[in-house]
Amino acid sequence: MNAIISNNELPQDDFAVEREDLLRVDNVSLSFGGVKAITNISFDIKKGEIRAIIGPNGAGKTSMLNVINGFYHPQEGTITWQGKVRRKMKPYEAASQGIARTFQNVALFKGMTTLDNIMSGRSLKMRKNFFLQMAWIGPARTEEIEHRKKVEEIIDFLEIEAIRKTPVGRLPYGLQKRVELGRALAMEPDLLLLDEPMAGMNLEEKEDMSRFILDVNQEFGTTIALIEHDMGVVMDLSDRVVVLDYGKKIADGAPGDVQASQAVIDAYLGVSH
Amino acid sequence: MKNFKQFAIGSAVALAIGASGYVAEAAAEDGNYVPLLTYRTGPYAGSGIHIANGMNDYLQMLNERDGGIGGVKIVIEECETGYNAQKGVECYEATKGKNAVVYNPYSTGITLQLIPKAAVDKIPVLSMGYGLSAAADGNTFPWVFNVPDTYWDGASVAIKYIGEQEGGLENLKGKKIGYIFLDAGYGREPIPLFEQMAEKFGFELVKYAVPGKEMQNQSSQWLNVRRDRPDYMIMWGWGAMSPTAIKEAVKIRYPMDKFIGVWWSAGDDDAAAGGEGAKGYKAMNFSGVGSDYPAIQDIKKLVVDAGKSQTDPESIGSTLYNRGVLNSVIIAEGIRAAQQLTGKKVITGEDMRAGLETLDLTNERLAELGLTGFAHPMKVTCEDHAGSHPVFIQQWDGEKWAVASGWIEPMKDLVRPLLEAAAKDYAEKNAPWPKRTEACPN
Amino acid sequence: MLYDIFIDPFVQMVEMPDFFLQVLWEGFVAGILYALIALGFVLIFKASGVFNFAQGIMVVFAGLTLVGLHENGVPAFLALILTIGVMGVLAYGIERVVMRPLVNQPDIILLMATIGLTYFLIGFGEFVFGGEPKRMIAEELGLPTGSTAFEMGERGLVILQHIDIAAAVIAIIMVTALGIFFNKTRIGRALRAVADDHQAALSVGISLNQIWAIVWFAAGLVALATGIMWGARSDVSFALEIVAFKALPVLILGGFTSIPGAIIGGLIIGFGEKIGEIYWGGLVGGGIESWLAYIIALIFLLFRPQGLFGEKIIERV
Amino acid sequence: MFYREAGQFKTSYEADQSLFPIRQDRIGLAVILLVAFIVIPLTANDFFLTSIMIPFLVFSLAAIGLNVLTGFAGQLSLGSGAFMGVGAYAAYKLTSIFPDVNVIFLVLVSGVFSAGVGAIFGLPSLRIKGLYLAVTTLAAQFFLEWCFIRIPWLYNYNASGAIEIPKREMFGVTISGAEATPIARYFVVLVITVLIAGLIANVMRGRIGRSWMMIRDMDIAAELMGIRPLQTKLLAFAVSSYICGVAGAMMVFFWLNAAEPSSYSITLSFQILFMVILGGLGSIAGSFMGAAFIWILPVFLKFVPGAIGIEIGAETVEHLTFMIVGALIIFFLIVEPHGFARLWQIGKQKLRVWPFPY
């Protein structure tokens, strides 16, 4: 058996050693009134990598993302963001520090158009105050148009020009996922958290989405943390994989190694503990 | 379906906007147009219906019996306000163009809205025994009439009557008098006078406010009454407040003969709500009790029995019904006086103002009208549009009202200075308030 | 000032214990009546997620129907039975005309629909019965109307109205009956199933329409009981409708879906309001009853947003 | 056919983001403004102005105010009536303290007070949502109403407990008080309403408007995208209350002339809410349509039957009005829960593809 299975002291592979940590999670535990969602988990995300988080249903993957972007506050453990230990923070603070995400169940702003949804990703970057906005003419309009240009670039990139003015509630699921990705990209994040971006998609849509994720990573250099159930996609896309089961980390390493790990196979196939 | 929807909505909105602009503005040429701002709906309908019936039926009767006033019919139109000031203004705006001669808002709120408009549109406001007390000052408010009495007159009568019961006003010293009132302009209006009298006569005034929303839920107020044990209770209630208060008073076993309501809390239904226990409840009044008056019999015969009214025959002669009748008597006499003054048959609001200012309802005149003893003689002067006329106390015997005192004069010496000060204050606060330019017709 | 706020009220409570007891009793009775109104809300909210603003007007409508029938010569008990029938027809009508076409709409739309219903019933009720307040036919229905006084000490006196006692008894019977109905009968189980998940309930063959008609009918019965009790205290009139707003803070305290919560919430508001008004209201000029309940609910919400009996909500993404 | 945008190309983002990108809409708006500013003043009678147009505009503005909060930011409020009251009382106090300052300026300033009060009562919105929030706004409604009655300073210790609007002039024209002509009041109300509606429409197409809609549609996602929920909600409360406050002040200054506390009761709050819901949540044009419907329909029902010779008792009309308004509310909620604004859009879509069905 390979050493990567042991929980604590993990040998770093070559890829990881070269790059610096963007985010470190150390010994994090989270529980809801007695129910443990996450138990003592540590891992890191390196700058520029695609890091997959996998595990069976209920393993605590989404809870982990919620911890990372400040929506849940772990009872124990620390999170280090770009070298600084982060205190308890609000989700909007995490957002302003450069963490963006998409959601397992699409969380688009249903009453707004595709364009407005993606524009909403620019909120943090817009500054003009209420009174300027009321007047519209002048700085507020200039700012709006400037950001509109950026958004149009993203729309081009994701190939969703045709649905620009369509309210997102009317779009098919696959496109909604794409718009959601666009919205996260509009924030120009340092770290992009993708929560099952390909759930419920057919093969073709999955291929498109995979291509977008790789492009984002390579063209914009965005670090990506990815939760996904499709092992093929995970193995192809990600640089490193962390595996959770019942709120505990059971494996961490390069895709190939993880795939071969007995603990992972047990977790997925179901072995009595 | 979709098409139909748009069509329906589109045409409904278009029709509504278009047609409501062309609401009949045609003046009533062949009669004196009297709009009645009434309320038969809403939380105060319980009191409003009787008033509305009384006002309507008397004018109707004049039309039936005498063919109107001075040979000209009265054109009566009711407009429903629901005791709501917005709707009241709406009614006013919709009817004033038809050569309305006078308005009776029957709501302190609506009266306040109309007071400043009256001078501009030149249509007098007759707020009989309600509205702004200060409006009795005819020099400041030439267009507003609140004959026969203001609330302040009523407040002074209540205290005077209590004084009589105690064997003289000087015996009020050290007594505790509770005042339970509808927490609105209406109920708050008498407070300054009560406070002044409390100081002067040395009694303690305890106030119990009943919010309009809570008027059917007064147990807290009456618990407080029970704790404070006032020697007398005075009530300024309207609508559903009065019967609830009487019930609660019965419940805490308050001595009913020491519980005195203003003339608006003198409804038959109000007292009847208290059942057997309400026996002894007293209320001020200035309009006749019962239906044994020839004029009221005429109403019964010519209007109600003829099916020309919505009045429930049993309610004829009830206090609030008779109050409505008295209101219409004043309107009719005002029109008559105006006709005599101007020689015109169809009068305008300006004529009516002059007519009301010369109003002199003597005992002889009342007898001519078939209303002997229905009200105290009343007279309006240019200075005094209320006249501070005497008021009597009636008592509930378990089934009907019975007169329980003679006519009691209000304390004019106390009320009048306060009225004048209040009128001055009003004019100052609403500066620039127009000076009186209307000549005195007397 | 501080003395008036922190000490004097308690001194008064101790000095006049009979009066304090009376205040508590009045609070209790008011609380029971609030609870009855809240109960109507809870029934409908539980089964359909609709916040039924029309409950207040249903109280008035039921009371007016009862009194109106009696005034037209129908014997009291027959009138009661007929009124129950009318409430049944009303429930069926509401289900058919309002609820069914609006199924699956957002909460606020359903809320607005019930406000629309309120307007309609105000107009309809006044159209049929007229606007004047009517005396409740408590005696004719065999409800006690007298009062009993208990003497305490020298001047002490606690007066209990028999009608209030009857109200309390009826409220307890209704809550028990509803409890049994919900927990022990087939329809009750179906009702709880619907409350948990409409679609799942549909998929196991429960008829939503039938259930809704039943809860609206049950709410109508509660409204009738409330109408009789409240009507006997004051009068049956349209001004009573406003009392329905008091049910909101009660529901906040008790939770929107809990029947015992409605009762306990009602009692807390009833006691709180009366004690607050009597002992502290005078400090700010009285009349604080009109908003005290809401402020109590508001403060309560800030500390425990899920209500007394609700569980802490875990938000998920 | 007539409403077709084909051939209208936008060459800049600027043009694409304008309020009315389609030419026909711009023409339509121009016609409406022409009617409002020229045709109506020239032809309308006093009744039409004072009982229909002025209240309609005042209510439209109030509905826009509530729409900012409920329609755009998704926070249900039952307290708009009281916030209107705060504006009215503030404007009244201001004009009695500064009688020489232009009353329109004071009306606009009075909104600041209601904005403050609104923001205070908006504080719980951080923790409370939906119906629960409705209760806190109800607390605001009842508490403020109580204040209007119990704080005599607010109404200058008038014995009547009501506020009465004194005569005020601007450029030699009387614009408030009983002597002000309906035309003068109409113009004041029209200008303020159109102006605020325009400014709010601008806010709605920019960042702040979007941030409100983000909170409305998915508050958690909005927060994860960097929207500060408290600030955003409080801003919505403040802006909404400001507009309601100005509308409330206009209501008493340019329409009613006097107001009692009961003028700003829960009934008013409900009326405004009806307008917003029927007009369409999140639509400024819908606010106007909703206000027109809720205000004008009862007036229509009240006066038209009599005018065309149908004899119905005044109270029967009132009863029927209640029944019809109630039934229509339910009817419209059933056929189109998104209000007139959506119907209007559907209508435009139909026109666009006419004569084909789609």
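Per-chain numbering from 1; labels A, B, C and D assigned in written order.
Just so it is clear, a contact is a pair of C-beta atoms (placed from the backbone, for glycine too) under 8 Å apart; a residue touches a chain by one contact, two chains touch by 3 or more.
A quick note: this is a predicted structure, and the numbers were derived from the prediction, not measured.
A summary of chain positions shows that the Cα centroid lying nearest the centre of all protein Cα atoms is that of chain D. Looking at contact counts per chain pair, the maximum sits at B-D.
Centroid distances from subunit A, each centroid being the mean of CA atoms, peak for B. Subunit A and subunit B have Cα centroids separated by 73 Å. Each chain gets a centre from the mean of its Cα atoms; for subunit A and subunit C, those two points are 49 Å apart.
Centroid to centroid, with C-alpha atoms defining each point, subunit B and subunit C lie 36 Å apart.
Contact with two or more other chains is made by residues 142, 146, 149, 220-221, 224, 266, 315, 318-319, 322 of subunit D. With touch defined as above, residues shared between interfaces to two or more other chains in subunit C number as follows: 126, 131, 242, 245, 285, 287, 290, 315, 317. Among the residues of subunit A, those in touch with two or more other chains are 71, 103, 107. On the subunit C side of its complex with subunit D, the touching residues are 51, 97-98, 101-102, 105-109, 111-113, 115-124, 126-127, 131, 242, 245, 248-249, 252, 256, 284-285, 287-288, 290-291, 294-295, 297-298, 301-302, 305, 315, 317. The touching residues of subunit D, counted against subunit A in their complex, run 12-14, 17, 199-200, 202-203, 205-211, 213-214, 216-218, 220-229, 235, 239, 282.
Note for the complex: subunit B touches subunit C at residues 40-43, 45-46, 48-49, 183, 207-211, 213-221, 223-224, 226-227, 239-240, 243-244, 247, 251-253, 269, 272-273, 275. If you check the complex, the residues on subunit B that touch subunit D are 2-3, 5-6, 9-10, 12-13, 15-17, 19-25, 38-41, 77-80, 82, 84-86, 89-90, 93-94, 97, 108-109, 112-113, 115-117, 119-120, 132-134, 183-185, 188-189, 191-192, 209, 211-213, 310, 422, 425-426, 429-434. Considering their complex, residues 69, 71, 90-92, 94-96, 100-101, 103, 107-112, 116, 119-124, 126, 128, 130, 133-136, 140-141, 144-145, 148-149, 152, 183, 187 of subunit A touch subunit D.
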